[in-house]
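Structure first, commentary second.
For reference, chains read A, B and C in written order, and residue numbers begin at 1 within each chain.
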Amino acid sequence: MQDFFINWLANVPGTAAPYAFAALGLIISERSGVLNLTAEGLMLVGAVAGVGTCLTIGNHPLVALVVAMLAASIVSLLFAGLVVILRVNQVIAGLSVVFFCQGLTGLIGTLANWQNHPIAGLNKIAIWPLSEIPAIGRILFVQDPIVYFAIPIFFAVSIFLRGSMLGLKLRAVGENPAAADAAGLSVSLYRIGAIVVGSSLLGLAGGYISVVSVKLWITGMVGGRGWIAVALVVFARWAPWPALAGALLFGCIEGVVPRIAAAGIRAPQYLVLMTPYLATLAVMIWVGARNRGHQGEPGALGQPHVREERR
Amino acid sequence: MHDVAMIAVESQSAPPPKLPPRRGRGRVTLDIRQTISPWKQAGILGGSLAIGLAISVVILDFAGIAPLDLAKELAGVFNADSLRSVLVRAAPLILVGLGAGLAFRIGFWNLGLEGQMVFGGIFATAVSIYDIGPESTRIVLMGVAASAGGILWVLLAYWMKVRFRVNEIISTLLMNYIASYFLLHLLYGAWQDSKTAFPQSSQYRPFERLSDIGSGVNSALLVALAVAAVAAWAVHLSRAGFYMRFISANANMAKVVGVPVRTISLIVIAASGAAAGLAGFVNVSSQEGRLTQSFFDGYVFSGILIAFLSRNDPIIVVIVGFLLAVLFVTGQTLQVFYQIPFTMVQLVEAIIVIAVASSEFLIRHRIRWTR
Amino acid sequence: MTSALELTGIKKSFDGVVALDGAVFAAKSGEVHALLGENGAGKSSLMNIAAGFYVPDIGTVAIHGEAVALSGPADARARGIGMVHQHFKLVKPFTVAENILLANPQRHFRSGIRDIRDGVRKQAVELGFDIDPDRRVEDLTVAEQQQVEIIKVLLGGAKILILDEPTAVLTDVEAERLLETVRRLAQSGVAVVLVTHKLHEVKRYADAVTIMRGGRTVATADPRVASAAELTELTVGQTAPLPDRTERPLGPTLLNVGALHCARSDGQVMVADTSFFVRAGEIYGLAGVSGNGQAELAEALIGARQPLSGEIWLEGPGDIAAAPAAVRREAGLAAIPADRYAFALAGSLSIADNFAVATIESGCYGPPWLIDRAAIRRDASEAITAYDVQGVRSVGQKAALLSGGNAQKLVIAREFSRQPTVVVAHSPSRGLDVRACAAVHERLLAARDRGAAVVLISEDLDEILALSDRIGVMTRGRIVAEFDRPADRQEIGRAMVDHA
């Protein structure tokens, strides 16, 4: 029994990491007032770019992850151009970019023959001597470097949003673009910047799945995690630390699935695979049931901004 | 008579003072258009569509298909054999297009079309497996069951929205995944065809299949056209359609003015689910003839594309659905003969939607240079 | 002395609709210069150009005699022009200090906030305001938010202060206090531009007045010398006649609101225990500055918002507080909401459709399976003519193309096509010019004369006084006083303030 729990919890940070990075990236871009539904697609871009890099230049996982972040940021410019410059409906633009990415990554993955080729990827490292502590040692101190990297990133984004001039301006753009415009900020530039920076984290999330977790590329391997991340952001009320908590919760839920089979418990395989999605729905229902008003949502989320409007 | 003590009445003819010369280019200003002629609108839409297709052709070229070969394949689609295939493929596409269009019309983002297709297929297959009803009416029963399955799955999402304000974009998409896992559960489990090792149900019996009538036209297409006709009547001629326009234009106002928003929304969303469920049955029954694990792949975005391009109009949905079927069949040919993965079709669809969505910008705004 | 701010020959159109046609304006330092005109005269557009929000098609802006080409509001602020808009440009969830820091960026957040806090406290004291820099803007009253806007602009170094209809959202007492402050500011050397349509403010507080009409400047005058009648004639072109009132016998109570509680979208309770009744053949006017629950009350009455508790009783169906809007419509309730395009019209649909939607359920436009479009067009055309809706080339054109006054006439045409028994009108003449205003008032009086019970909710005290048979004063969500006709303006003003 104890083994079951330790095995399960030891894998939670690794399972939670993609959710955490994706949610953080979405928070950054949505704080600027842009409804960002592109997570699933950009994570795929990061995933395929990560594995592709390893297969092309040899196994340099950190380089691969950086490439993943860059690739996602570049593709996010398409989304940014659509919603900020062309004022396309943000839902349609987000969905289109997701399908664009699904098609593009599938195409590239197949044409470049990257599909189903395992890579060495990135492995966990043990922080000795802390890793020797019974039970907790394995859970907290034997993880891959990216998991550890998450902590300073979350701190940085949190401080950025609450206590910096740039963060103040970003939040103003998301709450009341008219006020931000009046204060001399370029709403468009802030939104584009937020989308690009946020998308780099989406790329990292996707790259993590392919380079660190699964260590290969399969078409569509993100498997809906992007949509769960979108729901997570609502649940976390657009704040970084609650998002991390939510990511850990989903890491637990997703992590339980393989453990059950490994523990020899016989359960209908596909029904068990449904659990993360059912859990997300349950969370969203719970959020809806407890909330009376829209708390935390950036005031101008989803509305395009044009200055010369006539009533 | 009144001597108004004025300081000055500014003369309108005084010349303006010299302005320092403006360096550089002028600035771009955006105006929101008040009116636009329908011809201009159609022109912009057509132009963007052409650009989207052109980009797709370029990408296909990169992937190894010269434009000339592509044109040959496209032309080849219009021979009798391929045309049959196109018409069969068109039926479920038209139905999901109608489903998507109806829901979008009243502002409900029903992205759960695939999940509804799955449950449509499941309910219809259940009728087959459990041998419900006499042979002569079996197909009708399966169709009704399929619609019921779709309605059930979409109303679940609608209930979550009404009762718990759960955003339907996320809920319907997640429910697609849940539905497909449930399907796998059945196909690898209780409903697996004992004759093969694949995840598929037993073959439908002949009287349970939608087959060709006469030479070439599959009854599936007739089902789709019938539903399209009903939808077109509802949207354009009926009072409910009149109300729907108000719900989509301004739901708050509709409520205040006395439009039965809740009732109409419920009916329309249920109809949307029914159409998608029916699409699932039609697809399974007219193509494979048995429930398989991925018969519904790619239909969500196809539905969105059809609804978007046809502006949610049922009559245009038929045309766009047919054109998309051409694209699908061409895509299949490319896959077989040129080893281009089917995800290429997804990419082309996305490019088309992006191109057309971008053109809305030109329709809604006028750009001016000012110095 | 050269003017601090001078605009010459300004022309501006918005997609073919002319807003300014050769307007001029000049204000000096140390004076309060009023910009007077009716709604739609172009005052706000002109000042938005001065503050850098719009770029003129033709014309120049000069600051202290030097012609400038403003690249945006920040540029204007850097040159010393600060504007306080009617709709405040404040970020509600931020604190006062954060909002001001946003508008006056410093290098570092922590030190910047500290400096801003000190600056706010000092400036507030100088102006006689009581503002705590660490309070969230959304927790402040409307008057306090306006004070924040003024502090924001002054801390930014504004030497030219433009106030756009500042007293529209204030009680009489708050307005007086504000204008006194403004006069003191002018005395200290600031050039103050006061955009307003209220003549009494101009007469009391302004040193000079520029009058605009139809996008042009028609005159400049000294308000201390010119008479009210002269200024009125210049502003409106011709005095509109006051509508006639006839004495009517009152009928039975048709509308009875009891202990109504309503909340705003974010949960805050805006209507707290409101009760009043209206009889057939009378106009009940609800006076009060906006933000005291009027909007939520109006929405509850027309069916756009569910009240938390209480009852809304209509003759016929009884208590309809929880019932869907359709029930009220059947009972003969007509709604003229404040925001036309939010609750009354679907802008993207045709005029004919917007007209027909109210009565189509009755079957007069065909059975449920087939709409009679010809009948719709016919009735709509008749109504357009009967209610003098201008600017209609065809009843098939989009409703959004109608100007404010004509859109309102369309709404009234539709609502009155069914001979309503109860009329709920919320700020019905907001944004309308004098002629359209008079037309709306005529219709409301006509409804009253026909025996309807009319509820008139308006922040325009003149409108309330002119039309109402009985007046209720609404403050902080309740009706605190009621007056019969003829009502004393001073007493009403006092009622608004005493309970604030």
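Following the convention adopted for this analysis, a residue touches a chain if its C-beta (ideal position, glycine included) is under 8 Å from a C-beta of that chain, and two chains touch if they have at least 3 such contacts.
Everything numeric here is computed off the predicted structure, so don't read it as measured data.
Asker: Applying the document's contact definition, name the chain pair with more C-beta pairs in contact, A-C or A-B.
Answerer: A-B
Asker: Measuring centre to centre with C-alpha atoms, which chain is farthest from chain B?
Answerer: Checked the centroid distances; the maximum from chain B is C.
Asker: Between chain A and chain C, what distance separates the C-alpha centroids? Give it in angstrom.
Answerer: From the centre of chain A to the centre of chain C is 45 Å.
Asker: Could you grab the centroid distance between chain A and chain B? Build each centroid from C-alpha atoms only and quote it in angstrom.
Answerer: For chain A versus chain B, the centre distance works out to 28 Å.
Asker: Identify all positions of chain B at which a residue touches two or more other chains, and write them in rising order.
Answerer: Residues 29, 31-32 of chain B each touch two or more of the other chains.
Asker: So which bits of chain C are touching at least two other chains?
Answerer: 14-15, 17
Asker: Residue numbers in chain A touching 2 or more other chains?
Answerer: 307-308, 310
Asker: Per the contact definition, I'd like the list of chain A residues that touch chain B in the complex.
Answerer: Chain A reaches chain B through residues 37, 78, 82, 86-89, 91-93, 95-97, 99-100, 102-107, 110-111, 219, 223-224, 227-228, 230-231, 234, 268-271, 273-274, 277-278, 280-281, 284-285, 287-289, 291, 306-310.
Asker: Show me the residue ranges of chain A that touch chain C in the complex, using the header's touch definition.
Answerer: Going through chain A, the ones touching chain C are 163-165, 167-169, 171-172, 175-176, 178-184, 292-294, 299, 307-308, 310-311.
Asker: Considering the complex alone, what residue numbers of chain C touch chain A?
Answerer: Against chain A, the touching part of chain C is residues 14-15, 17, 53-54, 72-75, 77, 85, 87, 89-94, 98-99, 101-103, 105-110, 112, 265-267, 404.
Asker: Can you tell me which positions in chain B touch chain A when the two form their complex?
Answerer: 29-32, 63-64, 109, 111, 160, 163-167, 169-171, 173-175, 177-178, 181-182, 184-185, 188-189, 301, 304, 308, 340-341, 343-351, 353-354, 357-358, 360-361, 364-365
Asker: Given the complex with chain C, which residues does chain B contribute to the contact?
Answerer: It comes out as residues 2, 4-10, 12, 14, 16-20, 22, 27, 29, 31-35, 233, 237-243, 245-246, 249-250, 252-260, 262, 366, 370.
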